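What follows is a set of structures for review.
Both complexes below contain subunit A, partnered by subunit B and then by subunit C.
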Partner chain A sequence: MMDVVTEAKAVRVPSRRMWRCWACAEEVAATGEGTCPRCGKIQPLGAETDYFTALGLPRRMAIDRADLERRWHALSRRFHPDFYRTGEPRERIVALENTALLNRAYRALRDPIARAEYLVRLEEGAGTEIPSQPPQELFEEILEIQELLMDYRAAAPDERDARRPQLEARRQEIRREYERVERYLTQDLFPRWDPLSPEAAPSPTEKAVLLAEIKEAIGNRAYLRRVLNGLEEALSASGVD
Partner chain B sequence: MPYSDKVIDHYNNPRNVGSLDKNDPNVGTGIVGAPECGDVMKLQIKVDPETEVIEDAKFKTFGCGSAIASSSLATEWVKGKRVGEALAIKNTDIVQELSLPPVKIHCSVLAEDAIKAAIADLKKKHGRKEETEALARTG
Partner chain C sequence: MPALDLPIAGAHRHKQPRVVGIDLGTTNSLVAYMDGDTPRVIPDEDGRRLLPSVVCFHADGSLTVGEAAKRRLTENAARTVYSVKRLMGRGLADVEAERCFLPYRLSEQHLDVVRIEIDGRLYSPPEVSACILKDLKRRAEAHLREPITQAVITVPAYFNDSQRQATRDAGRIAGLDVLRIVNEPTAACLAYGLHRAREGTVAVYDLGGGTFDISILKLQEGIFEVVATNGDTHLGGDDMDRRLAGCVLNEIRAAEGTDFADNPAFTEEVRIAAEIAKITLTDAEEAEIHLELPNGSLYYRTLLREEFEELAAPIVAQTLEPCRRALADAGLTPEEINEVILVGGATRVPLVRRRVEELFRKRPHSELNPDEVVALGAAVQAGILSGQVQGMLLLDVNPLSLGIETVGGAVEKIIPRNSTIPTGARQRFTTAVDGQISVDIHVLQGERELAKDNRSLARFQLRGIPPMPAGLPIIEVTFLIDENGLLTVTAREVRTSTEAHIEVKPSYGLTDAEVERMILESFEHAEEDVRVRQRVEAQTEADQVLAQAEKVLPLAAEFIAQGEMMEEERERIVQALEALRNVRQAEDAAVIRATLDEVEAVSRRFAERVLNHAVREAIAGKTLMEAARE
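This part shows the complex of A and B:
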């Protein structure tokens, strides 16, 4: 399996954003049409290509969903493995790998939160230090709720009814907090990212501060989602046994 | 995905569930979380100040079976060890002992982080104690 992957990798032309066509050795632009201009063979998008580049999009938070879909469909059609079933082995591999990459890219970019998570990972991968603080207070609250949940599950059915209002109150509280974090992410933090595009030459600190805020809020949202699921599960299962 | 017998055993009979007094100067508390899955883990150790031996350990975990088993095992392992020995516990040891599948490796990482955080908290407390004592001496 591993050597198959290596085989499909294009040879990188040193110091330029160019690749050599695996079939005819013509130089091909890395962000070009995905086909060799000389022999017409499809070219690997490259495993290290980021999802934005793969779909021909700038590294922005604001993405037009319809435009994203159109790009994904067009590229998926170009590389669809069905068209290369009778092609050369390398061509089949390129088609499969490109299709898999495009699907991953589409899944990661279509949802704004997933997109932000990916952006944070990309920036961290590029060496940006993103210091984020674990939310200690939220952790304590979650462990407190965990205790309530354990007691609730262990309680006799008639005792549960008495404990229910307390859990309901916590659920509402956590839900409100979850919604607040989500609004903060999508309405306050995300719009602040796009003006920091490379053309605007943002200071590294400015970028890192915003990324840390985004990373922390995404983490908080995940913790809140998890504890909310726990509360909802316990409250909906209570009638059953 | 099936859990190993050891995970199930720790999940059904977790060892050392509970809390220690976090204000006790000889108790170190580590609370850590995994934002990828939303799991939260608290691990506390009580250390004999003379011998540096961990005489008690407790945990509380909000998470999946593997996270609970990892923290339960971690408390079992640190008990009776000296602080330096406890620091040497690696998440891979936990993975091996519990036969955790690749998707659950982060649970073992969380347990290792919790041990380290608890020890760091203890050291911070002792550092502060020494600071106040030094201040008292000079003041």
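This part shows the complex of A and C:
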């Protein structure tokens, strides 16, 4: 399990959305500008801050890449440790940990699939497993491919050529399936997520059903990727020897 | 503080200490600084800009660094260390392949951190590098006339954690606080990007003496974002020399029945001749190699560029695969790269230029001197850290994935390669046996599936886990890679919220205690170092006072005319200043200090008058301005 890293411990004040500034003890809004309004010192984003909040975005699947990058750049200019080299030790830790969080956040959110996985875990808990599994309807097919691959690897190099076209055909087939699953994820499932925002008061089952579908598709895609890698590896290795 | 310093000076004195940029190269090292908004290389007293990374340890315990050590390399082959960068952060097994090329000995006893053995004394690679760094530090102090204690040092982008750590240790041993470790290709890009509103995607191809790096960056409004990096820490121009030398030795063996392998001085001579031939062939179509063999016969040969290119081709070819991998990681095609920058002396080889141009399908840049551009970039980064350079920010990546060994010797990746740094990850572990109170964790760096094929960084033992049934404790381990690409690890048991103790055993590094000892040893000459520093400080102060005096002394005439000051007083000041000018170059700081005190004593009243005068002027100025406004 991977998670956000931020160890800077801001002192929490009783109201949940407020922190105390580590330098001057002023109350600071947890999701504020990241700097203390009184003394101007940078504040820890906090270990519980999710990637969307860290980058000032709503929890949506749809993200404008250019906007995401602009936000990341602007926040890097504010928090990067290079600008606090001569600062006090505490400030330097805040800079380091905030920047580490922002970098992880940017990496996870810029890729739609990683973003979806992250959203699922935000909704269902950080430990949520997304098992990699074959699409039901391709189960038989994939078993056949595994056998073909085994035979192919066991075959003498000069026999392999005869088997190549068969493998090649399977490779193309799996690639089409892979692309189909990815399209289904990004074009059918993802757009259905954003309208389910809390303001729209979606029914819990509606949300759960969609999440289950998303998880399944992500798992299918990961599985197909592995099969595809296996096929590609076998085919390219034979080209060499 | 001398009184003359009072009126106007101060701006110089109170600014932040200067941070220099250092390129600690396999074959050559340089130091640079920001002169206003321009990075400049600092030459030595003789005007030389490159310091050969060569250290000779003499029998009497003294040492020579740089050009002098390099010139006498063949005489002192066994006691002269070059290419020490190839040994940084490495174990004996890692350097097995190239050991036979090195004329100096490596100790058989030290497996984890190699030690160079000379006259029965052992030197770790960071200690040798520290000798080079100290020389650069002195060079900078002499040129800038101020003590230098802070530096940015560059490393190949593809250096792993142990190699970076070793570089930082070298800095510490040399008395430098290493504020930042920067990747060489990235530094080069900073130097290119400064003062140019460059936008777009840039590939930096860096082939030095001993290392190859390729980095791909996106430049946007002063942000230099590295998107992918790749390379080979054991590939460079030196390898071309070796291949050529090998070929020459083969020919000698064929003709003479021996290649004099037992004569390290001769082997060195052949290697040097090969390098000279290589460099000649950069501009000429053919080069001649003359050698006098130890048995008195002569070896002579004309080498055509074509022949050399055939020998060098495999080395150049080896650089192309990392380029393709970096492009793939960045998700870019060669056509999408807007500019290609060449860095490193070996990129002067015409074959290298041709191959790079073919791969990226565009003519590479080489306007900046490829030997110097990395040091210039390090100075720019130093300027960013000290606040002297504004608006620029470098976002670099970790070159290798970070992982943990799992059951069965596999690796679980926790931070993928090419992640922007600083970055981190949090990982949870549990126990396998009831009542288990410690867990071993093995941290690795690399891209391979099995632990044994990756670089071992460290082994940790988490201790102090409260005894619980197996699987119940949750030990949360936090990995943090800082902006230098250096890793730190912390751990805690979540259920009982006890901090687990971590015992770090770096697999290939010096322990803190060892570094401390080396710092002490390196200051066997500490007294001398302190003397040098005091002298430099005193000289700097003397220079400031003299410069200041030149500015304000003309006022004395005015004061005398107004009857506020006696002619004798001015005479005394002029004499004291003259004395100061004379002792400025003195070896002894105390002499300079004494003269400075003298200047202060005789000029105190004058300085007060100058101050009053300045205040009057200021008030007068203000009134005038107010008058103007009304």
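Keep this in mind: the second predicted complex is superposed on the first by the 214 of 241 C-alpha atoms of A that agree within 3 Å, B and C clash if a C-alpha of one lies under 4 Å from a C-alpha of the other, contacts with A are read in each partner's own complex, and residues count from 1 in each chain.
Here is the rule we go by: contacts are C-beta pairs under 8 Å (C-beta built on N, C-alpha and C of every residue); 3 or more make two chains touch, one makes a residue touch a chain.
Bear in mind that the values here come from a model prediction, so they are computed numbers and not experimental data.
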Subunit B versus subunit C as contact partner of A:Tyr118, first or second or both or neither: neither
Partner chain in contact with A:Glu147 - subunit B first, subunit C second, else both or neither: first
First (subunit B), second (subunit C), both or neither touched by A:Trp22: neither
Partner chain in contact with A:Tyr51 - subunit B first, subunit C second, else both or neither: neither
Partner chain in contact with A:Arg104 - subunit B first, subunit C second, else both or neither: second
Partner chain(s) touched by A:His80 [first = subunit B, second = subunit C, both, neither]: second
Which superposed partner A:Trp193 touches (first subunit B, second subunit C, both, neither): neither
Footprint overlap on subunit A, where subunit B in one structure and subunit C in the other make contact: none
Residues of subunit A touching subunit B in the complex: 134-136, 139-140, 142-143, 145-147, 218-219, 222-227, 230
Contacting residues of subunit A [partner subunit C, same complex]: 1-5, 7, 73, 76-77, 80-82, 85-86, 96-97, 99-101, 103-104, 106-107
In the complex, subunit C residues that touch subunit A: 16, 179-180, 220-221, 223, 381, 384-387, 393-395, 414, 419-428, 478-483, 490
Subunit A-facing residues of subunit B, complex: 31-33, 35-40, 42, 60-62
